[in-house]
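In the part that follows, the structures are each spelled out as structure tokens.
The same chain A turns up in both complexes below, where it pairs with chain B and then with chain C.
Now for the complex of A and B:
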């Protein structure tokens, strides 16, 4: 479980339409824990102490001895309310965040770093770029965004200079991507963050051009809406109880409904907090946390999104 | 007793000769063969490749190292490298390729013989080349200690780790020359 930090909004920036950048500081103005470039925090999107959605937001600022954590949040009116809550924050408001969590670190042995951002997926890419510039690493940035204002465009320009290419057209993006992926010195690592479809495009193009998976690094910032799934039974090994999980109800909701307390934060398959041990049965994994090997091992699952492949799952609970 | 090979840093191809296939995802590939026998393996590997390939047939490890350096400097991501030859040649070649930024998926290693090993002495750091095997004992060319070949091969150096086989039998004749320790002991060091 990550340590919780109680921070205060020092400033908000709404320069780019639809995107709000928030600067969070410690109430005493002290230094915050440093973090690995590409890290995120889980922000409790509601008043402290209440049960509210926790969303993962990448840290965009300097990662060494930071005086502030800055996040940039795209407003999603059809979302679960987390981004709308961030867009309503005012200077001085309290915000609960976890300590930074790293799931998208730079490979320090890489000869070169190719950073590919799509839309608001620019946030962890900016963090990578800051670190690459600070340490004098060879870096190239591709930023695909809608025509007009784009989040952190000035920051990228200042840091990357000529190493930045902006693309606002889908065809131009495809062509440029193919060209650049085909012409990287061996030893280059690829990092991409953006909407799921965008990252699929980047990843598939890289694989087609012979990039091994070890060189491809992706950062998901949310899961698309999942289907309601089939109903199944969860058998709790400790008590022998059987908990029915109907279609449309998550395993986590069903367990909580049965009076169990399962540690959880994001409830959308990105944080890994609600991982439970599977004693028997085959999980149907739908999260973005477990590795392929961990999924294949079939001995744990994230109960907020994952379900049973068959009609029965035995849990070590 | 040695643990199961797959739990150690010793690859299967370091224990018995091997002929890996070329990754079908490759967009370009190069085979570097040391010795006549390795050329056959390299030719087979290239024949199985979908992408255009190049074969370098070389007589010595040093020549092959120079070729690997030159290829690494030019190569783009998508490229795959095969190093083929005796174990004493392919281990240093693999080390050079990894140092140049290749990942395991981009590197195939084929051994034509695994009879001789390179062993780094944990005591004097000299590298001994000798016919032996994991668990075998060889005299160190640097300090004459009798080295037990440990089930560890360095990815960085391309050599096996060797240490004195009877290090815990104090004062026996089995100590190689034993000279250095005896002197230190007498000096009260």
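Now for the complex of A and C:
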């Protein structure tokens, strides 16, 4: 349920081979919503209004009262086309992004922050580092990259100084990582972002050295959103009417759109107000209200979040 | 017969009447905010922060409470960024809601905060303590009527790690600071068994910046007293038995329906959750003049289960309250 922002490309930077940094601003030049370090936006990689792929990109710039959102995108020729689209953008082009979402935040109470970046995974690490410097947090950065292809290396050096170690070969990385993981004060939190294999290596090494899971943080992009769900039809018992419920539209929204009024409050599946009786069909429950037994009974559902397991649901409305 | 109104009309027209129906039970009653709600007397709910005719009086009272008891304010070390975040967020909210009298100029890190209601013009630099005359959370608590609690989210839980609360209704912020969300709610009957509070926790943990939510809570308070915290129980506790001995006119003047409008705001930079508690008090004698309010309040109080009535501290005089309200049926 993010709001959408319509931004304009203010600058592109292709200094690092294969990586493009893009600076996005409001058309009126105003301040953008701030964000928690480690946040990403979903970028619609295509002309506005089309069903283009939406990719999650971490924000690399300043997180308080930002004048711009900056993202850095590695060109993946075998991908779904999102990165190629970003690499073709020009100054002045319009770009639709969601408001920032936080799924990889720094732990405020941590005693120390160990940031481990692999390749283009440096992007959320950079915003972590900016806030660590702003707030005087104890921080150490490990950056593994291919020789000569290091995005944001200057930024990291400026911010981290001696607290930055760069590693460009696999063996050196493995050794150094083990040593640094073994030598952190209790209360240090580990944050890692990079290719999946890289993050696995880092987390496995940390676990082997006895790091508890609560102190290991891995960037999975945007897993906390409810998925849009499949489309289905709701049949209203009282009138025999059929209300189509497209993917991405809640049953509650569809019912209201059809002129029905259903009591509701939170529209998030927590308050229990929007419960409706199911006359036929199988509900797909996605709320936090109903007990397991009530869910299994399959005779009611909370229409603000729950949907149909099949393509049809008959409601006592 | 005309009687002199005991409170400013605006306190009646703006009162957030908390009962949607004649029956009250605990639920995870959260809704997107802000949203205007019409009532038989007026309306409420247009903004996240609310400045009303009590502004100066309440800020003076907050300062006095803090002066007498500094434990009403606490910030665990790691919450410093969340305090700056709170200050900036509330200043922006105030400036957007009351542009005629308040503004926040500059786009960071240097700003000027102007509040003409208090004759304040304060330049400051974000995250630089030396640029403000006070710590940021205490500073901004001097600009709003709301009590403030900050929740840190970590280890899959929420922790009440900072706040400034001077108008607590029978609880103690100093006692709760550092506790988890479920521990804070430990004294409340029914919350765990019914799943109300675990659902609330899941919900709050998914809150996003820019999408505030709100809920209401209520109780009864004797006398127009904002600070009925546990710390001062010896002062207000005796009012409960005393109220049974007063005459009807005094009862109606002294017993107040107390609504708390509570907002939940995910802070942008720190990722902490800001919980705002804004307290409104309406004496029964005014409440009874709005017929739907009189009838609903009587019904809710009559039906309220004993454990909830007990917890709210109204068990001893709710029968009298119901009788009093029934006697005013038009």
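Just so we're on the same page, the second predicted complex is superposed on the first by the 219 of 317 C-alpha atoms of A that agree within 3 Å, B and C clash if a C-alpha of one lies under 4 Å from a C-alpha of the other, contacts with A are read in each partner's own complex, and residues count from 1 in each chain.
Simple rule for what comes next: contacts are C-beta pairs under 8 Å (C-beta built on N, C-alpha and C of every residue); 3 or more make two chains touch, one makes a residue touch a chain.
All values derive from a computational prediction rather than experimental measurement.
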item	value
Touching partner for A:109 - first (chain B), second (chain C), both, neither	both
Chain B versus chain C as contact partner of A:207, first or second or both or neither	first
First, second, both or neither for A:266, with chain B first and chain C second	second
Partner chain in contact with A:57 - chain B first, chain C second, else both or neither	neither
Which of chain B and chain C A:198 touches, first, second, both or neither	neither
In the superposition, chain B vs chain C on chain A residues touched	C
Chain B versus chain C as contact partner of A:36, first or second or both or neither	second
First, second, both or neither for A:100, with chain B first and chain C second	second
Which superposed partner A:185 touches (first chain B, second chain C, both, neither)	first
Residues of chain A contacting chain B in one complex and chain C in the other	109-110, 214
Residues of chain A touching chain C in the complex	1-3, 31, 33-37, 63-65, 67, 99-102, 105-110, 131, 134-135, 214, 224, 265-268, 270-273, 288-289, 291
Residues of chain C defined as touching chain A within the complex	27-32, 76, 78-82, 88, 107-109, 126-127, 152-156, 161, 195, 199-200, 202-203, 206, 208-211, 213, 268-272
Chain B-facing residues of chain A, complex	109-111, 181-188, 207, 209-215
Chain A partner contacts - residues on chain B that touch it in the complex	23, 25-28, 51, 72, 75-80, 100-106
